[in-house]
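Residue numbering begins at 1 within each chain, and the chains themselves are lettered A, B and C in the order written.
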Amino acid sequence: MSTQQSVLFDAPGPRARRVIMIGNVVGGIVVLGVAALVLLALGRKGQLDADLWTSLFTADAWQYYFIPGLQNTLRAAGFAIVGALVFGLVFGTGRLSQLRAVRVVSGIVVEFFRAVPVLLMMIFFYLLLGFNKVDDAPFLAVVFALVLYNGSVIAELVRSGVGNLPKGQGEAGLAIGLTPSQTLRSIQLPQALIAMLPALVSQLVVVLKDSALGQIITYNELLRAAQLFGVGNGNILQSLVLAAVIFIVINWLLTLVARWLSRFLSGRTAGATTTGPGIGNPTVVAGGPAEDAPAEAAAR
Amino acid sequence: MRTRHAGAAVLAALTALTLAACGGGEVGDDSTTTDPEQTAGGGGGESIKIGIKFDQPGLGYQDGSTYTGFDVDVATYVAGELGYSEDQIEWVEAPSAQRETMLQTGQVDMIFATYSITDTRKETVAFAGPYFVAGQDLLVAESNTDITGPESLEGKNLCSVTGSTSAQRIKDEYAAGVQLLERPGYAECVTALTAGQVDAVTTDDIILAGLAAQPANQGKVKVVGAPFSTERYGVGLPQDNDICEDVNAAIEKMIEDGSWEEFVTKNTEGTGYTPNASENPPTVDPCA
Amino acid sequence: MGDYLSQTWELAREYDVLGAFWVNIQLTFWAAILSLVLGTALALMRISPVPSLRWAGTAYVNVFRNTPLTIIMTFMVLGLWGQLQVTLAPDFAGNFFRLAVIGLAVYHAAFVCESIRSGVNTVPIGQAEAARAIGLPFLPAARLIILPQAFRGAIAPLGNTLIALLKNSTVAAAASVTTETSSLMKTMIEFNSNYIYGIFLTFAIGYVILVIPIGLLTTSLSTRLAVRR
């Protein structure tokens, strides 16, 4: 990034370079200073003791806590993203239907589930399934809540994906004698789906993060496993740090995949996977909607 | 055509990812699985689901793949008397705040999780037992001398777990000016205590003794040792159960044949804790 | 049916549902202000000429955008307050409320930053070139030319972030804020399981009522304020 030129500022001359260098050094010192203060404070509390950290990297910790926890997180996220895709396709095309009634109902469903907090839905399904003696209520509650929320986000992606296609695509379909729904199915949807794939991968990040809410309703996902591990070893903070790092690494890799997909697919659809030139730093432009569109949705 | 292939390929990849993740995992071991085969049978099924704490050393505690503690030993004994061998028991975590829900919703068949018998709880669940009588006490920093009982908590900071009544009792009956922190587990409370952000952690003495005996906490915290309530630990059962009498019989037998004594000694060794002799071993209440 | 409705209504008044929503609205209000300030600063860092600032901004966004909010909230209580002794109010209730606000703000600041950056992307290159041509250095150019237009372009994504923030305020439960909506809903259902649908719908509709105006407002604002080009 540093080698690429932005239009926001001139290439720094000798004086500006000096100022920037000083800025870098001062910034670095401030960051290091704050970090040192935090570490000192933690050290005084004994939170940096080696054995609090080394116990995180024993076979037991991973075999009985972190790996099973991660498996549960991935399991819930996997079911949820597939369910959400189905939900999103059904209600997204529902909002594009020729029938007014179908459009209205789909619209209400999508807007409702987009507005209700995921945690409220999880608690509701957990108690509802539980009262009805359904097995594995915590897991199902996590999946249902994630499907309904993320499904309605995907429904909107489908709708806007079709809406963003050049008009000519739909017109061409109608011109060769396809019905509107055939046009939607065989011309518009396939292209819209390709265009939204990067956003879909980014949505997986949201799903993964939200699955951590499952610990509130006793689903034994990664965060809950980290808490349990921390109990026996007196290192709950350290254990949570490790869980956070695992989440960050997985989600960051998914973000990279989304960005790569968006570049890779941009030539394969009439839909927009990139935006026009902007003036922000160059990576934004290259990232296109994989950065922008999901950024809006990804907050949940 | 090319677009379709790319789409199909990515969809296939997503599906594969999901399938790969389908295996699922169980924190601790596979005994908390709700395997449909195992749980399908309601009455007289293959296995029994017992709710315990996973995070209370000395009472109900998950140690890697095994479960240890007094509640676990008692539960194993009672389940044995009901005709379930050890490998037919599915241990399920029953956090304080979820115990009523878990019984009401059938996620567990019985709960042995430091579950005090109270009238409020009897409105929603049934109890067998009691099998132990503990008392509410305080855990403070090793160097602390000014907290001697619940009255001395005025203006102090106190930590307890979400859904437990013990902190509310102190606020209502002893020290109205106490500030309450609620966390999901006692370990988080002890972390706040050793960091000096709360002055005391409150719950039943036997739980506190187990926490204080943890290697990570030794020498940092101590139990005050002046219990100020009577907590009769019962076996939580759904209200429409038909096993209350059998559970009571099992508890009586356990006390008679010396197993109870053995479980207490085994699980409180090295904590310096002795159960209140005037209340223990308890006599069971008749089933409602 | 009418009976069910009136019973649910009675419950909602008995448990002070409005009070719980008010807690979430307050959490959202303060966190929105904080995250807007922090997010704008981060966005400036990410488009600035100083490499270390760009790097720091990017690192911040990548870390906080990818961490579950639940973990951040737990760290607020166990780490920031528990270990680092950062106390924000003399009483516990106020203290944890403010910690929750900070937790919500640091998380959503990453999204605010990305929203503003996407707004910056809507500003044509000519604007920045013109600013440079008349000799404006980076900060004045950003303040006078770029950001005013970027904010207008960022209204829609910022609105989405605000909606997300409102809904995420329920996660304050993980920071020991016990009076907010998700905790209250759980208690209500546990003690009145016959009314589970009514209770859930009460809370769900409450959020729909709060969210839809924000959505409509930001949509109309973003079309009204969009810079015509």
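Operating definition for what follows: contacts are C-beta pairs under 8 Å (C-beta built on N, C-alpha and C of every residue); 3 or more make two chains touch, one makes a residue touch a chain.
What you are looking at is a predicted structure, and each value in this text was computed from that prediction instead of being measured.
Chemist: If you average the CA coordinates per chain, which chain's centre is most distant from that of chain A?
Modeler: Chain centre farthest from chain A's centre: B.
Chemist: Sort out for me whether A-B or B-C is joined by the greater number of C-beta contact pairs.
Modeler: Here the pair linked by more C-beta pairs in contact is A-B.
Chemist: Between chain A and chain C, what is the gap in Å from one C-alpha centre to the other?
Modeler: 16
Chemist: Report the inter-centroid distance (CA atoms only) between chain A and chain B in whole Å.
Modeler: Distance between chain centres: 35 Å.
Chemist: Quick one: which residues in chain B touch 2 or more of the other chains?
Modeler: 101, 104, 188, 191, 195
Chemist: Note the residues in chain A that touch 2 or more other chains, in rising order.
Modeler: 45, 127, 131, 236-237
Chemist: Give me the residue numbers in chain C that touch at least two other chains, ranges are fine.
Modeler: 78, 83, 85, 190, 193
Chemist: Sort out for me which residues of chain B touch chain C in the complex.
Modeler: 100-101, 104, 157, 162, 179-183, 188, 191-192, 195-197
Chemist: Inside the complex, what are the residues of chain C that reach chain A?
Modeler: Contact set of chain C toward chain A: 46-54, 56, 58, 62-63, 65-71, 74-75, 78-79, 83-85, 108, 111, 114-115, 117-118, 120-125, 127-129, 132, 137-138, 141-142, 146, 156-157, 160-161, 163-165, 167-168, 170-171, 173-174, 181-182, 185-186, 189-190, 193, 196, 200, 203-204, 207-208, 210-212.
Chemist: In their complex, what parts of chain A are in touch with chain C?
Modeler: Touch residues, chain A against chain C: 1-2, 6-10, 12, 16, 20, 23-24, 27-28, 31, 38, 41-42, 45, 47, 111-112, 114-121, 123-124, 127-128, 131, 205, 208-210, 212-213, 215-216, 223, 236-237, 240, 243-244, 247-248, 250-252, 255, 275, 277-281, 284-285, 291-292, 295-300.
Chemist: Which residues, counting only chain C, touch chain B once they are in their complex?
Modeler: Touch residues, chain C against chain B: 77-78, 81-83, 85, 91-92, 96, 176, 178, 190, 193.
Chemist: Per the contact definition, I'd like the list of chain A residues that touch chain B in the complex.
Modeler: 45-46, 52, 60, 63-65, 67-72, 74-75, 77-79, 81-82, 85, 127, 129-133, 135-137, 190-191, 193-194, 197, 200, 218, 220, 224-225, 227-228, 230-237, 261, 265, 268-269
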